[in-house]
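Next up: some structures, all given as structure tokens.
In what comes next, chain A is part of two complexes: it sits with chain B in the first one and with chain C in the second one.
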Partner chain A sequence: MADEPNLEYFWPPREENVLIGKDIQRIDGIAKATGRAKYSSDINTPGTLFAKLLTSNQAAAKIKMLNIEPAKKVPGVRAVYVFPSAYDIATGESKEIRWDGAPIVAVAADRPEIAADGVRAIEIEYEPLPFFVDEEDLAGAEKAQEETGIERVKSLGDNTEGDVESALSEAAVVHKGYYGIHTISHCCLEPHGSHCEWDGNDKLEVHLSTQNVSGTPGQFAGPLGLEQTAVHVQGHYEGGGFGSKFAADEWDLACAEMAKTTGKPVRLMLDRATELKIAGTRPSGFIDVTIAADAEGNIIAWDSHHWGTSGMAGGTVTLGKIPYVFDFANRNRKATGLVCNTGPNRAWRAPPHPQLCALTMTAMDDLAAKLEMDSYDLFMKNLPNVSKGIDDRIDVYAEQMKIAAEMIDWKAKWHPHGKGGGEGAVKRGLGMALHTWGGGAGPCTCLLKVHPDGSVETFLGSQDLGTGTRTVIAIVMAETFGLTLDDVKVNLGSSRYPKSGASGGSITVGGVSSTHRMAAQKALRQIFNLVAAKYDVKADTLAAKGGQILSDGKPVCSWKQAAGLVGPMPLEVQGETTREGLTSATVGGVQMVEVSVNTETGVIRINDFVCVQDCGLIIDELTARSQVLGGMIMGISYALTEERIMDSHTGRYLNADLENYKLPRIGDIGNLRVKMYQPASEYNRGVVGLGEPPVISPGAAISNAVANATGVRVPVLPLTPQRVLDALQKGGAA
Partner chain B sequence: MKSFEFANPQSESEALELMNENPEQTVVLAGGTDLISLMQADIIRPDRVVDIKNIDSMHDVQEADGGLMVGALNTLEDVLDNSRFADYASVVQAADAVHAIQIQSSGTIAGDLCHLPNCWYYRNGYGLLALDNGTSLPEAGDGRYHAIFGNSGPAKFVSASRFAPALIAWGAKVRIIGPGPDEAEMLPLEYFYTTPRTQRQGTTVLKPGQIVSHIWLPKPGGAVSGNYDVLQLEGLDWPLASAAATLTISGGRVSEARIVMGHVAPTPWVSHDAATALLGKTITEQTAQAAGDAAVSRATPLKDNGYKVQIARAAVKRAILRAAGLCEGGL
Partner chain C sequence: MKDRQHAGGNTTVSRRAFLQGSGAAMAATAIATGANEAVAEAEKPSRLRSAGPQKVVLTVNGKQHTLMLEPRVTLLEALRNDLNLTGAKEVGNVSNDGADTVIIDGKPVFASTRLAIEVEGKNITTVEGLSEGKNVDEVITAFVKHDATQCGYCTPGFVVAVRAFLNKNPGANLEQIRKGLGGNICRCGTYAGVTDAAVELCKQGGA
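Let's look at the complex of A and B:
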């Protein structure tokens, strides 16, 4: 830990920080707001061709006939590429098309509309095959499997702890419930895609919208038959990446191939419909659960079977993590995967915790209602049942619950489910949920340079997804050298820079901050030694603050003078992820929300939504809070409006647009309040990642608040007016 | 989007001339908020686009024929900003409920009246009737946003117009010009809409080569009105159902009532049942509720959209309460 004396690298004492832990705006904010920042989708080097895709309008099919010649004849079309995953153009052999939106042909042309003309000119005929897309319908999947002989249901295992049957027979209260959460699609503002440009036939320059700058050159090189040294991937600004942008995708390879055949740069970004259909989804989960407690509210048994889909892979929400955050002495669990003709899943922010939370904490909340207990008291009472591995966070959860309850005035506002009274059709209710995440530091390396003129810069093959990675790095360097943010420069987003891990799993901030603290401390010690020799002071008395080098608090020289001592060439040091002393892992977090439900229309509004979140040492509190707010907003989205709607008749993705794929707007997100939980014990843990945790609890918390408001559980997320009214009608409340 | 000829007439007669060289393959561009996306999706593939935005006479708002003659090109923002609409509260409320300044600033009132259905089957290329080898997709597939009235024929989509219920409840008329250079007629808006029975039929009586040039509103004459859109999202979103009420209240009791629902049928849906339920009554929560009940008493929901019956009921109730000043809108 940081307060242990013999560590080589450590954070400054909290009270001495000038920048760390303060509210600091993103250093690239102005560049982004003014358009100076160039995203991959902005790259438009001279002669760039624009590509469009022909995608499948079938859920399952073989291609009977494909004729790309008419596309080639469209004036301005420069390249036509047939995806090998769909069709072998040499032999005329069709592969199996397995979902709506699967790419079949790419066309590159002088202008986007000419590429679209080219796509339109392609002749294609399909031979439809049987499909299944109804992810909630386990019985339907079994029936389809029986009827067609095509695998639709996969057993994903089961396991048991203790003796559920005896526990249920001894329980004071037993609750049986059904809950669910539908598949959603990744919705990055900047869709997936790239700009590819060749230098001759053996060097490829790629601007890729990616979470994985250092890891993707090889993914281009292999399939293209290049040496990895021949591929340079850049991603300086990303328009969002939530787990779906780790790879060089087949459409990126198509882009590179077309750039090669035409000898011109090509840009291929997915259109919105294709983006929603094939660029990654979050698996669904539906659960039958029995949960039981003793008369005091101690939960003693859990028995569940859940199912859902991740697409053709036939996965669902991970079996081994349910129930979520908590585990109970007597527990059965079983999972079944449905094989659906839907676009494949990709990691979606905190996989698969939002679903686990929504399937677990709703059942716990209904159990509390059955016990006639305040939900808060049930969660608090069961903190001793927090799962092994995170049980050292029990006291933190208890503290966070108290803070959140005070913020939202839980005890004054809470009422038994459906007993809030209130005027007219609009009912108010409170709900809560807890979450956890790892967030340990990911791999990172950097090359940090202190130039003789005192300027400082770093190079690393990481990426800033928009969350403030650049800013965090700059803060760490500036704090360590006693400089301002303007004095340090961050160079990232190139695969030629020292390798850095992919940004996923909330591991980036721990990686980049510890790497740069290490590198900066190394460099500073070398400079202190030079200063000590030159000015005849002891190196261990020196500190860098306010652009000066101080000895026991007295100025010795300026930073620039000190930097000049390195000689005519820059001082270069390397840094790497340093877990000991600088970072830690595992966070908790609590969210509480108050909603209004219009029981006449089924429309829900968020009134007040609070989050208390720990994440160890906070480098930039402003961007930390922004991360949490972003998570809460994404959570409101999948809780209330956002879902993929598959058509059981055509097998198509019906709402693959941003009109019917409903994302919340400003007016839908209510009053959000964030409290970063940061007592000294958190600071002393070092840095822990924060990206995932705040998106986990909203589904369960909002569902619980709606149940509290109306007295009726709306079992499946998102809580659309349709589901709310159907539940109210079924529950006799409408 | 297919390549097209772009025409930019300066007068109604010039527009009609440009429309009628090849009327079947020509479309009118007003605000473009609907047409452009339909063209991008290749649902509409015209040879010629006639942009009518530079026709001055179609931007006017003037007193005429004992009422207000509103040029077709008035935008939603114009409706919100022009005090001449203040007495038509339901019309202003309909414009206000389009929670997107981009649509408000470019979308026009007549463009809204002619807005094509948002049916996801139509927008994915299955035609207005959403048929797949003779199977009705909203019935066999997912019809959660589809019609609960007027759906016994092949059309299951819902009329997309945000203004039509309020305007019909006011007894508005549309001025239709063309196809001949001197042809013009005034038609009650209620009779403007049609329910197609074949894939070749449209959603309005407009023939190729015709344009809506104006909308005429009668003098308010002391009537009050309200509009209520049930919106899932506060941002840009289509109502799950909406309703408009125009009421004449004498001596505290309703002497005349017009109730029209939107987004529940292939056309705006006039509810005589609801209007009748209100006659002679004082507007209260209970009488408004009874009118809502009456409005949906003959609904015929599909397998997936029974919930819309309740939403339409609530919309009617709230539109009536809003007309009477007993409800502010909102949640």
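Let's look at the complex of A and C:
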């Protein structure tokens, strides 16, 4: 225990761990698999009304006429709420509708089908306005701006390092390419929404599907004119968030307002189409890039202009991070945002790294092909060009690449692009990509109680999105006190508990694990002092293991006896995020994938897909692996099938349903293998966090594998059969 | 232009007339396929139901429940909103995601694709029926063991789908599992865990 005597809080030596770092089943797994876990969308307090929305079917419009009276007359309709963002019902003044799916009216009724009747009864007339939704079409946006005078193109800046022009003139090989990645929606399976119930006129109980339990009460209180103390937000289970559920949304306020006017609880969850249209998207990116290397494959120049959209805000993929993971001595970059009438973006898992990776590593892979180099060798050779700030991870990348290559048998299976041979229409190929993420430890506090009977519990206003937050906390407490998982209780998901930051950006596990290690070590030291006094042993000889207190390895008393020494009331300690000694930041990973491409149908199959990933000290290897697998599968989704399709003629989101918004199924993912990279150096740097990184590389890795299989680059993700066939036709291959 | 944005308002054709219409269409099909059956069918008491709220008796997890529902209420809505059996989830408006999978007379069915009145008299098993008291279905424990759940929203539907699949295909191989469980979507990406759980159960003969 005295390895790091200068630190107040520290992790146990790795070899002593009973729980930390092992495969531990998640403690809420049974609740979820039995259906007993209650999500916000499951809350049915007596008398609950059900709400449905009328949303815009126009991409840009003003409302000429809105008549909600027929809805009010539908028997069973209890409240009709007009969204102030759309229309001022008092003055009849319309706001500007700016995208398909914008909420206009909410109707609450005794039953969902009656609410739907109410929505149908509403009369509305629109005055259409000009719109633009073609996010890949930079020239079209410029033209639309010129013709309408409406801003469609925003310069997002440019910057330069070195001298690109002379580097290009000296280069042995120059490659020019075009790449892109389309907008996707978060598509949480539990839609955004809430269940709101008032206690009198001045207290509001909210069950919110949120990644931000502690941070959302004020977002209700302010607009509703309440004191923050009057709002209690709960979120015990969340059906997905991925970065889209940090705020109380306008439809949640509508829910609270309708609950107030009716005096009844109201549940308002978005329907699937609206969820896809307005509850969060990931910005698109399209890039023209020139990349050049010397004869040995050292990349010496990068020159790029990329564009795309985040909706009406007119953003795209962040300028300052391209090229991704790497940076080159001579580099120009420029970004342009397109202002599109599409639902707004929200942080999407690892923002905006998946796009950065897809726009960078594809170009590098094509450069390798032009150099007649194995892509692996090009990536390895250019590790010295890893960006400043993460260049201390170069050796880790090299190690990870070696491990991944061995797992997938890269050197034996790789062939020059399009030269794999084989008789039939099905071609196989290998691709890879690297990624980085910050992670770290987010803000967290907790109240930990050791009860006189030896039971232990903690309270914190965090949330478990399915990442295993509850389980990680339980493991840390149980490990520290030498108890089992059954002996400790985790209470989270209420804004009345000590505040904890929002869960996003891979900072939750660092926050909650360091907070609980701190609190548990504090409590244990107090208990050791009590034991030392009572049993006449030295406190610094004591350890808690297997439900007992040991002195130099010999039993002194049971944990229960020790806990009893705290007196008639529980021992309470507070914990908070502790970075020094317990957590760290910045991770890297490598993914390699083998695909089969049917050159007659354009269908791509994933054969074998490996990920080598570091994340510092791993608390629960089982749930850590699940995070990585989940990231890889989400990556397969946006690499192969998933995209938002906007209709340029109507401005509408064409595929806002789960039949046409294509997510992979269980048979579409191939064999996935995960290797958590965890030498002693990783354990020793403490906990980092893992939610984002594994979702970053799949787009580029899969695109590169397809290029390797066919000899043709399919430039834009997702690699749908149509895009594959178009590229093959253009490329003249196969 | 005056725009009733969504089709099918309740002003022109009453629901009663609509149901009668579809009833007539069914009879016409019957005549085309076999006049005798059609006559026999016509002599039975009418199966037409009023469009208003009416008594519907559902047999769920072995228990009978009497509800007052309009005929248009789906089984999923009745389970979730009237019986508070919220294990089955509503994910899509047109069900193709499997989060609402239940077992009806032994077959896996998306609960949002059946009207509650359609399944009167049938045996309906929901995920809640797979864990009563201490009796937890092996599928559930296998899901937990293989971490086949993350956010968990798709999980109850997946559990029921796996149970129904195993009942029919107790010794299925990997390929059969991958085909047979294609009805369920998971956004978090738990497919690897679900596959491992199903493979293990099939090795044990479907437990």
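Convention: the second predicted complex is superposed on the first by the 729 of 734 C-alpha atoms of A that agree within 3 Å, B and C clash if a C-alpha of one lies under 4 Å from a C-alpha of the other, contacts with A are read in each partner's own complex, and residues count from 1 in each chain.
One rule holds for everything that comes next: a contact is a pair of C-beta atoms (placed from the backbone, for glycine too) under 8 Å apart; a residue touches a chain by one contact, two chains touch by 3 or more.
None of the values given here were measured: they were computed from a predicted structure.
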Classify the contacts of A:Val105 with the two partner chains as first (chain B alone), second (chain C alone), both, or neither.
-> neither
First (chain B), second (chain C), both or neither: which does A:Gly602 touch?
-> first
Between chain B (first) and chain C (second), which does A:Gln722 come into contact with in this model arrangement: first, second, both, or neither?
-> first
Using the superposition on chain A described above, determine whether A:Ile20 touches chain B (first), chain C (second), both, or neither.
-> neither
May I ask you to decide whether A:Glu659 touches chain B, chain C, both, or neither, giving the answer as first, second, both or neither?
-> both
Looking at the overlay, what does A:Ile633 touch: chain B (first), chain C (second), both, or neither?
-> second
Classify the contacts of A:Asp647 with the two partner chains as first (chain B alone), second (chain C alone), both, or neither.
-> first
Can A:Glu113 be said to touch chain B (first), chain C (second), both, or neither?
-> both
May I ask you to name which of chain B and chain C touches more residues of chain A?
-> C
First (chain B), second (chain C), both or neither: which does A:Leu268 touch?
-> neither
Which chain A residues contact chain B in one complex and chain C in the other?
-> 57, 113, 117, 120, 657, 659, 664-667
The answer for chain C against chain A in the complex is residues 1-6, 8-10, 70, 72-73, 77, 80-81, 84-94, 96-97, 99, 126-128, 130-131, 136, 139-140, 143-145, 147-156, 159, 177-179, 181-195
Contacts from chain B onto chain A in the complex sit at residues 1-3, 42, 99, 118, 120-121, 123-125, 132, 135, 137, 140-142, 144, 230-238, 240, 305-307, 310-311, 313-315, 317-318, 331
Where on chain A is chain B touching in the complex?
-> 57, 113, 116-117, 120, 425-426, 596, 598, 600-603, 605, 640-641, 645, 647-650, 652, 654-655, 657, 659-660, 662, 664-668, 720-722, 725-726, 729, 734
List of chain A residues in touch with chain C within their complex | 25-26, 28-39, 41-42, 44, 50, 54, 57, 65, 74, 111-113, 117, 119-126, 187-190, 237-242, 269, 271-273, 465-467, 622-623, 625-627, 629-634, 657-659, 663-667, 669, 672
